[in-house]
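Next come two complexes, and both contain chain A; in the first it sits with chain B, in the second with chain C.
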Partner chain A sequence: MSLKRNFFAGVDVGSLAAKAVILEDGKVFATGLVPSGFDSVESGLNALNLALETAGLKKEDLTYIVGTGYGRVSAPYANKAVTEITCHAKGANFLHPTVRTIIDMGGQDCKAIRIDEDGAVVDFAMNDKCAAGTGRFLEVMAGVFKVKLEDLGALSLSATELVPMSSTCTVFAESETISLVARGEKPANILNGIHHAIANRISGLFARVGITSDVFFSGGVAKNNGMKTAIEEALKVTIVKPEIDPQLIGALGAAVLARNFSKKEGLWS
Partner chain B sequence: MPIKTLEVIRKRLEDRPAELNKLRENGQKVVGWTGYNVPEEIIHALGFIPIRIAIGGDDRLVEVGGRYASSKNCVFIREIVGAFSENEDPYIQQTDILAFDATCLQNFRAAEVIEYYFKKDVIVLGVPRNFYWEEGKEYFGKEADEFTRLLEERAGVSLDLTKLGESVALYNDIRKTLKSIYSFQAAKDNVISWVEVFDLIQAGDLLDKKEYLALLHQTLAELQALQHNPVIEVDGNDARIFISGSLIPRGDRKLINIITSVGGRIVGDDIWTGILPHLDLDIKEISPAGVALAYLNRTPHAALPYLDLESDRRLKKLHELLAEFKAQGVIYHTLRYCDPFTFKAKETKDVLAKSAIPVLEIHTEYAGSDYEALRTRLEAFVEMIKIKAESAAEVTV
Partner chain C sequence: MANTDLYEYPPELREEFEATEAIQFRDGSSATAADVWHFMTEIAPKRYPFAYTQKKYAGVRLSRDIHLPSAIKNHYLLLTMNDRITKSRENGAPVIFVQGGQSVDPYYAAGGIALRPASVGLWARGRHEGLGLNEEVVRQHKQKEKAYHAISFEACQTAGYENIQEGGLPIDMVAPFTCLRCSDISYGVEAHRHGPNKAVKLMNIDYPMRHQADKKWAVEYFAQNLRRLTNEIGKLAGRDVTDDDLSKEIRLHNEGRRLAIETAELWWSADLPPTNGVDRRSLYQMGGMEVHGDPSASLTVLRESHAYIKERVKKGIKAEGVVDKPIRLFVCGSCVFPNDFRIEEAGAIIVGQDNHWSDISTLVEEDGDPYQNLAHAILSYPYEQSVELRAAWTIEQLKKSRADGVLFLYQWGCNTQSAIARMLCDTIKRDTGIPTMIIEQHEGGSEQSEQLLNRVNAFIEML
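Then we have the complex of A and B:
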């Protein structure tokens, strides 16, 4: 019987953040999350090194690394690259085996993913060349209201009314928002309208792939409670409460796959 | 092992524009055609040189075309219009007469725009919206007669039915040989890829038809020598992809390149610039109306409506081809503002879901800005198919 401990890492380099998860014996051992820079290799390594430092490990201690996210195409530190769609499916299934539908809202795209009981992707759809429903869109809106990105959700939940927002195009939504502010509408009510407009737009993705309970919300935007509430209302679902930071789900799925691949390749038994 | 004839064909294509130029100097006329139901045999039998106008993949020409057509016209149509505006494409430069059909109304619009702005001699063949009704068939027969009359005027001769019969026989042989070659690409241990066969099909849009047939026979003979009995079956390592949806013309290789770069193996298609127009064309009567009716009786273009989803001939053919080429997933590709296919995406996906065939909808255009987003989708779809196949194999074991 091998006494050697096996550690598996997943590194998810997104457009706004790079994330790493280290897994041991089916448990999350350490995580790392850093802002993405221009160099995706460096961003991935920064996230991985942060996770390694937290764990008190060296890179050599890792049995296998899977890279994912847009940075997967240039991840020389990884043994294998897998798309974030497959990784989010695996990650959500690992945490919550009853999940069958995932809404993933990241920095530059938004995905609707349906999965089976093994965490395999059954169907998926992505937003089409548009920033609506992405972290980047919300960053722009935070800039308009001069509030921190992480405060947007709470502000929208404090709304007393919903101001309808007709645009989900980042550029037009920005000018529409400025007009609404000039008209005297309260920021919280406008933000409520923005969150609901995005949620309604995302509903279109689910018309393509369908929704089956349980529903999971992953990606950086999943930390925004205002968006979570708006999506629950638009899709008429209850979103599962995540056990870890939902921004780490892609990296977690990559780590789960690292464990599976390395076992298949006979690196441990 | 490379197929030597394919290299010969590539060389012949390089020489073809200059060759067409010489033929025109000697008095021959080139008819540039585009559309799903243009009866090319009639053009050929009248002594014209038929050249298919189907180019794509150049976002700059789309932008130019948008100045004349609408920015809401599909990118293919805008590129065609843009190409006529610039007049730099070596084949467009060689066209004397244009023959468009109205199967897709955007195609019809392109004909109007090209005639109006660039003063080209354009003939348009009307196409019925309902092709099941006798009235629809009768209308198309009359349209084919009128189409022939307009071409006769320009040729200065009347259509000789013996020559039409010879053209039909030539085209039938081309279609039959293409179908035989096509099955080789989908086979186990294939020596020719789908991409090579796709290029081969499109070479036929431009080359002299008799020479093309001879080159096809030569290609088939080479294939038969290398692979006696092509067996189409699922190999454990493949993700067998079928491409459906909007046309992919010459010059547009973005989607195809990404699919192959992420490990997908294309094994079949039912697109307008692929094998589909060459299938099931059964000409029973040698006359313009007889040829036209055979075109109408093929698998219909998506621009024509679903009259009954359950019995739709296009969906039935799609199922047949998926089974024949043992495809494991369908990439349903729609070009920006290509309404016929975009509107039918959801129904097609739902119908195929009943047969447990996964479908990925891809919406694209000729700009390179969606390259990475497309790659993520296509790579995830290939992963999905491979994981599904692996799970099925484990259950079987």
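Then we have the complex of A and C:
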């Protein structure tokens, strides 16, 4: 019997960030997260190389790689490509087997995913044309308030009241926000309104696929506690506390699938 | 400038292909397999290079199932649309713009040529030669933008109207059935009433809506409309149209419909897919006798293809590029179709669709008054019934085709299918447990967007 160690990698190239996770023996061994550049092949490789460097491994040490995210179509380093919907399901199930519903808010889209006890997707829905509920929308809002993206959530949670936001169109919300600031509303209260408006908007996705506990929040926006709180209020649920950076869940799921595929293909036993 | 990196049919295929049957046309002429081979290997690559693109996901590219003669002959007929329609029109056959998803028996019975919106688009495409893939896509987009100006930017499918309005295509008459399947026929008809090119005659064939096939008044009323239609086309063609003309036409079209049904049943029964998704769709479509603008030509290709499919199914021959046990998808909705090449790469295949299949699979009674029989059949189209009845028929097709999942696609701006999609999918899911997915599309292009394909691929993975 071979004593060779087996490492599996998942690489998730999204619109704003590229993420990589290396898995060994059912445990997260190393991770890498870099901003996405113009070249999605290079972005994916940068994330993977960062994870390899952290792990002290070379690419040749990896048994199998699965690519996911919008960059998966141009991932020559990967053995297989899988959509991020399937990967988020696998990743959340790997960390928390009791999770049945996932809210994934990434750079350019938002997904409601319902899964079974094996982490298989049962149903899903995505935002179609509207950018509300995406990292890109929040990026625009951070620009309006001249604060860092990662500080938006905390600022929103410091609100003393909620200023209603009538538009969730990225362009119109920006002009509405500017006019609210001009009227003297406090930035924290406006942001509180924005977070709740987005949470209400994405609730519609769950009307289609349903919500079953436990609920998991993944993607880059999941790092925003203000959004987490707003979603919990809108959907009347409690979101499971993630064990790792929620932005890495897609890459983690891809690594889990890399492990499964390579076993099925007889690359290890 | 045209693409230089073009697909070429393998020269060693020539002998095998030239031994296949000739295509018989409605005017009595024919194209031998050698004629087809010559056109497809020598002439068409220069006139229509976009079809020879090597881009593997390009929706317009030639089928690579080269041992299936119908694949090559179908492309031949599509690429010669302009030559053939122009010639027929010059010989006195009026060209009539019709609704999608309707049968065309009465138009041909009266000596006309009936073209649905997509076929009008193909005719227009044939008038622009030497375009590479991107150039062809740009041309289509430009035409669509013009149509948005003429009709409404909220209109979804605008194919055809812009060509008629501009006078770019010599259409003689606009005469659709006014069934509710498409909100844009109303947009188009309205635009035509107010547009600059009023010289083109407009005639609506009034369709009594929903579950009227067994009501005597409705059948008689629609039969009168059909008689009015054939009389008007007859005037344009310079001939009197008899009941016998329509009876003969119904028999001819019924043969196509029967062959398509038999071909579909063979295809669906096979353990291994005998063709890829694109060729399957072409074969089923030929049963509608409209797609090539010449029912006789479609029929000769369909007859020959039926024998090939039978042989492939019997011998367990699988189409090239298709996986052994693909996920089987059934597509519902009008006007939009997901990219077969991407779907097959993801390990699935499209096994059928409800849209045109509704009219193709509806046979017309051959004994008795042909107008009454045709009216009864047309009013029975499952796609035009209430959602409950349409769902029941769709479920029957899902069982026959052994579908694993249903994709309901419609164009942004479609005010009909968008309203039906949710209820239809919920009914299918409730009664069969088959997973469904609804996608609204608003895009052009040949390869479809990552947004759309991401959803389709995730759905396939889910199945």
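Convention: the second predicted complex is superposed on the first by the 269 of 269 C-alpha atoms of A that agree within 3 Å, B and C clash if a C-alpha of one lies under 4 Å from a C-alpha of the other, contacts with A are read in each partner's own complex, and residues count from 1 in each chain.
The working rule: contacts are C-beta pairs under 8 Å (C-beta built on N, C-alpha and C of every residue); 3 or more make two chains touch, one makes a residue touch a chain.
Keep in mind the model is a prediction, meaning the values are calculated, not measured.
Q: Please determine, from the superposition on chain A, whether chain B and chain C clash or fit.
A: After superposition on chain A, chain B vs chain C: clash.
Q: May I ask you to decide whether A:Tyr70 touches chain B, chain C, both, or neither, giving the answer as first, second, both or neither?
A: both
Q: Check the residue A:Val41 against both partner chains and state whether it touches chain B (first), chain C (second), both, or neither.
A: neither
Q: Return first, second, both or neither, reflecting whether A:Asp118 touches chain B, chain C, both chains, or no partner chain.
A: first
Q: Would you sort A:Met126 into first (chain B), second (chain C), both or neither based on which partner it touches?
A: In the superposition, A:Met126 contacts both chain B and chain C.
Q: In the overlaid three-chain picture, which partner chain does A:Leu162 touch, first (chain B) or second (chain C), both, or neither?
A: In the superposition, A:Leu162 touches no partner, neither chain B nor chain C.
Q: Now for A:Thr83: first (chain B), second (chain C), both, or neither, which partner does it touch?
A: both
Q: Taking the contacts chain A makes with chain B in one complex and with chain C in the other, which residues are shared?
A: 70, 73, 82-86, 109, 120-124, 126, 128-129
Q: Would you pull the chain B residues touching chain A in the complex into a rising list?
A: My answer: residues 346, 349, 358, 361, 363, 369-370, 372-373, 375-377, 379-380, 383-384, 387-388, 391.
Q: So in the complex, which bits of chain A are touching chain B?
A: 70, 73, 82-86, 109, 118, 120-126, 128-129, 207-208
Q: Help me check something: in the complex, which residues belonging to chain A touch chain C?
A: Going by the criterion above, the answer is residues 70, 73, 82-86, 109, 120-124, 126, 128-129.
Q: Any idea which chain C residues touch chain A in the complex?
A: Within the complex, chain C contacts chain A at residues 435, 440, 442, 450-451, 454-455, 457-458, 461-462.
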